[in-house]
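Multiple structures follow.
Below are two complexes that have chain A in common, paired first with chain B and then with chain C.
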Partner chain A sequence: MKYKMNKREKMGYIFLLPSIVLMLAFIIYPVINTVYLSFFNYRIQTLSMGKTFVGLNNYRMAFNDPNFLDAISFTLIFTVVAVTLETIIGVMFALIMNKKMPGQGIIRTAVLIPWAIPTIISGLMWKFMYSEQYGVINYIFQKLMIIQEPIPWLSDAFLAGVATIIADVWKTTPYMSLLILSGLQTIPQNLYEASSIDGATKRQQFFKITLPLLKPVLSVAILFRVIATFRIYDLVAALTNGGPANATQSLTLYTIRTYFNFGNIGYGSTLATITLLISLLISLLFLKSLRAKLEKV
Partner chain B sequence: MKKLGIFLLFIMLVTGLFGQQVVLNYYYNAIDRSIIELFEAQNPDIKINLVEMPENTNQKLQLIQTILFAKDSSMDLFDADVTWAPIFSSAGWVAPLSKHFSDIELDAYLPGPLNSVTYNDEIWGIPYRTDAGILYYRKDLLEKYNKPVPETWEELVETSKYIMVREPGMKGLSGSWAQFEGLTCNLMEIVWSYGGEVLDENGKVIINSKETLEALKMMDDMISKHRIMPDGIVNFYSGDARAVFFAGNSVFLRDWPTGWLNSQNPSVSKIVGKVGISDLPKGDPMGRSYSTLGGWQVMVSEYSKNKEAAIRFAKFRAGLQAQKIGAVNLSHIPALKSLYSDLDVLAKMPFIQDMYPAFYSAYPRPKSPYYAEISNILQTETQMMFVGRKTPERALRDMEFQIKMLLGQF
Partner chain C sequence: MKKPITIKKIIVTILYIFFFVFFVGTIVFPFFWQFLNSFKTQRDLFSIPLNFWPTEFTLDNYREVFSKQPFLDYIINSFVIAGISTIFSIVIGAMASYSISRTRIKFKKIYLLILLSITLLPPITIVNPVYMLIKNLNLLNTFWGLALVNTILTLPTSVWFLSGFFETIPVELEESAMIDGATVFQSFYKIIIPLVSPAVFTVSILVFIASWNQYLFAQILNPLRIRRTITVGITLYQTDHVIPWGTLSAASIIVTVPLIILVLILQKKIISGLLDGGVKG
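This part shows the complex of A and B:
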């Protein structure tokens, strides 16, 4: 028997049409085009000569390119450290925001403010605060006699990485704690009542009730943050511009430089494709574990 | 509905009335509006629509490159940095202009800026403003300690150390040494002054020489051995470099002439009236001083639908009248020779008369369609040396290797 769409279903598809067209034009086409270009040697400087097919050569080049290897290792370390810190602090903030106490409105607002500031602006703000000449952080530390010489936050290769992580954690922890808070509020209160009658300590309650029930929400929150952090661009661009000596050059920053500034369209596309593949891989891993967890619950 | 109809009718009428007018979209860097008004008054058939570009030069390049790559005809003209002519002309994105100029017209421009828009024997833009790195110094401090304006980089180091011991909190030289185009400008001045160079006339990579090495060592020593640079210098952009000097915390500053007006503005500067300006020091006492050529040119897009009108505006924008307005109102250093003896300009910027030789002989950065990438290699490797991840020798070898790779010279 032939399946016939009823009017309602048809209507549904028609409503979907505009977003499908937009997706095709602004996501699917550019992605396919980028992947396609990643197999070519194609440069703005030699545009008149057109593009030549080089197969996987660009990919081979990437894994021999010290700038790429530095960028990817910085990005990976940055992602792992930043997201870990964001998760731990995020859970703490969420627990505080979930407590009934006077002044809760003010606490919640205060926690959320960093998230509301545009990244470029918070990047510049941190840049001022880190400054060795007039930075408030060094000023306070020196007044408190903790340090003698100003800390070279942004001019030391290692510290610049630390500084970037601090700025990112400050900026995105609120987002994390907001998601976690929504998870906390779905946990039935009677579980806590029952367990406290059975003599469970606060600590036991946290590890045996709160954390397991929070896992699905936590996985989603971590997934979002990992993918977003992996593609970090704006914060680094405003704070260090990849310096000193490429110590904080993220994968996206390097990709954008290669593609737009150096005019190397082929190789830039390759870098963009690699970023996309890694992001996809991360999402798949999370989705798999997420599905398993949801089924268990 | 009726109201909307009337409104639409009105719009059509208005656009119909001015239908003969050509609208040119001009992506500009910095301009005094009166230049536009003057041009539109003289050319009623052309209207200029100004589109502002981002602040950062790299982002300007990204924007212009994206528009031209898409063959977008909505941009008719744009301002270009001195290093862009080889990139755009080899991509075939900008209109050649030499047939619109007579030899006399071209001769009115300074040779440096004109050279920067020339590539493969064709002219791809018209300079409306030039720039050159210069040395700012504290007149009062040099007088107090009876020291002359340093002739060489070594002398600059000695003078700095001498004054730093006697003035607590004082540093020697400030400059823009962060990882961005400003570092390439600062670096090349020192490299040239020691006799080094990146590419020879035929485009062959000749950077790995003992002269370049000497220059790199000098910069490295300024930071870690002599410690005359302010803390955090490897993250200094132009604004940071000026801030230290304007606050009275360094004896010398390497900057562009645009810093002059603010150095004399009491609301941002503590050293009003205490500033002197000079050529940059030399490497070799017998050699010459080198300043990096900067400045801006106006270019016409190959994809513009109104090229004739665009070229007419470009000639005006880089012409005598417009450059004078720019010099007087925005302290833009003129790219036309005759303005260096113009009394109105000299009243605003008295130093440009003495500094004319420096502007006249300002030196271009390596000319290559791959310039942006070469510059990035220079910046990164120099910074590797600054932060101690590489020795000067190693940084130089790696520069040579990467630039040769890029240009296919193996």
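This part shows the complex of A and C:
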């Protein structure tokens, strides 16, 4: 029997090997490489001269770079607003989906449509809907007498941000609501029955039973949404291309441009490292729920 | 216990119907609108005020999708790359899940921690080194380079989901096979794999859709015209001055309709997959 255990363990290590090789090549080495290059002056245009060590210069440069500061503040505001809306609407949606009412099959299928559509395509869809002259959103708003004149959704800096948030909420709230629904379904029904015998109102039940018991699921869902929203790229690439005048240039979009359009690998790496550090900080905020997730495996 | 119909109940039902129509309408509308536009003529698309319904029905937009760009190539590329990514991710993920849930190896926690950090890692952090690596391996503009990147990015989904399923299979099944003389590897693919095949199917859908929707790496690793994927190709119909909305609508309908049919058929499996991978795991 002992012999078999050892054989089994050997098999276990062999089975892990392919994924470990992939992790080393495509995750660990690239992360180390990016952090390393962030301390160098390294450009495509002067590739033959190689790279020169500049210490923290790139980081100092970043915090004096208005494009970077705009990108980071857009990305942070975008993340906070979008995820807050997604969470609130997601909870509402999940509560409705949790009701024993007819038509649930339709809702659950509809909910998967935005999730399944590639972000880049949903960005293009919304771009046309937002069009000032030919867009259906202005058309509907005018029909409903909400607005008199067409709104320049994508050519006004503030409105372009609002438009991006709406498109993102449309795309990702369904997924969020499914996650929350799974949490709702783990709450024992008899808690509600017992509390209503004790005379609790629906509102009290929501704040005293539903929300506290939903917290573990909710915090994991929010963490993953914050992390994913913070890396926003596809949507702005399709919808606004960072415009107007870089108003919706996300951190990832600016970094991609720094790398591939401006050929500045050193500075690009610095921006990528800062993105990594912020993601790390966000993850640390959720350490408790992450630990619970790891323990369950 | 049958409750009598009360005014309150009627109000709740009306509210429910209102929410139902509003939510389902909001979710489905952009897709529906795109569908209508794909059959409109240029005149209808760019009329002021706009024509909600097409006054004339045309298939020109669909023809232009294929004549303006090698869209069929894009579909094939996306399909092959997502297919390879799925097979890689499932095979490698199943092996890893087996050793995590079935063997007493060391460093399990560290392995899982790295796996979790892949899902938390912003892709932009690895873009440049991955690009250089794929370039040095001569895998730019191939199926394999992008497929490898998709594989590692979807590996956490595969492992989380599959290891949960491996744990539900009783160890006795394997032990009795081994007493009958089966090797560890035989018991893995003759006993465990068939038992988890429903789970494998669910994860495959999730991984396939994730790979199919990949844009960032697809754009950087496969820029060559004949090697582009759909997500990259579809953005290239527009120029700085002209956005052919009819063509774009038709192209996105071509891409999304198969996905939506897939979702309709596999709804239950996808939902259970999303929930297990997202929260339980």
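Points to keep in mind about this one:
As a convention for this text, the second predicted complex is superposed on the first by the 282 of 297 C-alpha atoms of A that agree within 3 Å, B and C clash if a C-alpha of one lies under 4 Å from a C-alpha of the other, contacts with A are read in each partner's own complex, and residues count from 1 in each chain.
Here is the rule we go by: a contact is a pair of C-beta atoms (placed from the backbone, for glycine too) under 8 Å apart; a residue touches a chain by one contact, two chains touch by 3 or more.
Bear in mind the structure is a predicted one, so any value in this text is a computation, not a measurement.
After alignment on the shared chain A, the placement of chain B and chain C results in a clash.
Shared-chain residue A:46: touches chain B; no touch with chain C. In the superposition on chain A, A:193 contacts neither chain B nor chain C.
When the two complexes are overlaid on their common chain A, residue A:7 makes contact with chain C while staying clear of chain B. Of the two partner chains placed around the shared chain by superposition, chain C is the only one that A:136 touches, whereas chain B remains out of contact. By the touch criterion defined above, A:260 reaches both chain B and chain C.
For chain A, the partner that touches more of its residues is C, with chain B and chain C as the two candidates. None of the stretches 57-65, 183-191, 237-245 or 273-281 of chain C clash with chain B in the superposition except 237-245. Shared interface residues of chain A (contacting chain B in one complex, chain C in the other): 133-134, 256, 260. Residue ranges of chain C in contact with chain A, taken from their complex: 16, 19-20, 23-24, 26-28, 30-31, 33-34, 37, 45-46, 48-50, 52, 92-93, 95-96, 98-100, 102-105, 109, 111-114, 116-130, 133, 148-149, 151-152, 155, 159-160, 163-164, 178, 184-185, 188, 209, 212-213, 215-216, 220, 230-231, 234-235, 243, 245, 248-249, 252, 255-256, 259-260, 262-264, 267, 270-271, 274-275, 278-281. In the complex of the two chains, the chain A residues touching chain C come out as 4-5, 7-9, 11-13, 15-16, 18-20, 22-23, 25-31, 33-34, 37, 93, 96, 99, 101, 103, 105-122, 124-129, 133-134, 136, 139, 170, 174-175, 178-179, 181-183, 217, 220-221, 224, 227, 230-231, 233-234, 237-238, 251-252, 255-256, 259-260, 265, 268-269, 271-273, 275-276, 279, 283, 290, 293-294, 296-297.
On the chain A side of its complex with chain B, the touching residues are 44-48, 67, 131-134, 149-150, 152, 154-157, 240-247, 256-257, 260-264. Residue ranges of chain B in contact with chain A, taken from their complex: 58, 61-62, 65-66, 69, 87, 90-92, 178-180, 230-235, 240, 243-244, 249, 369-370, 372-373, 376, 380, 383-384, 386-387, 389.
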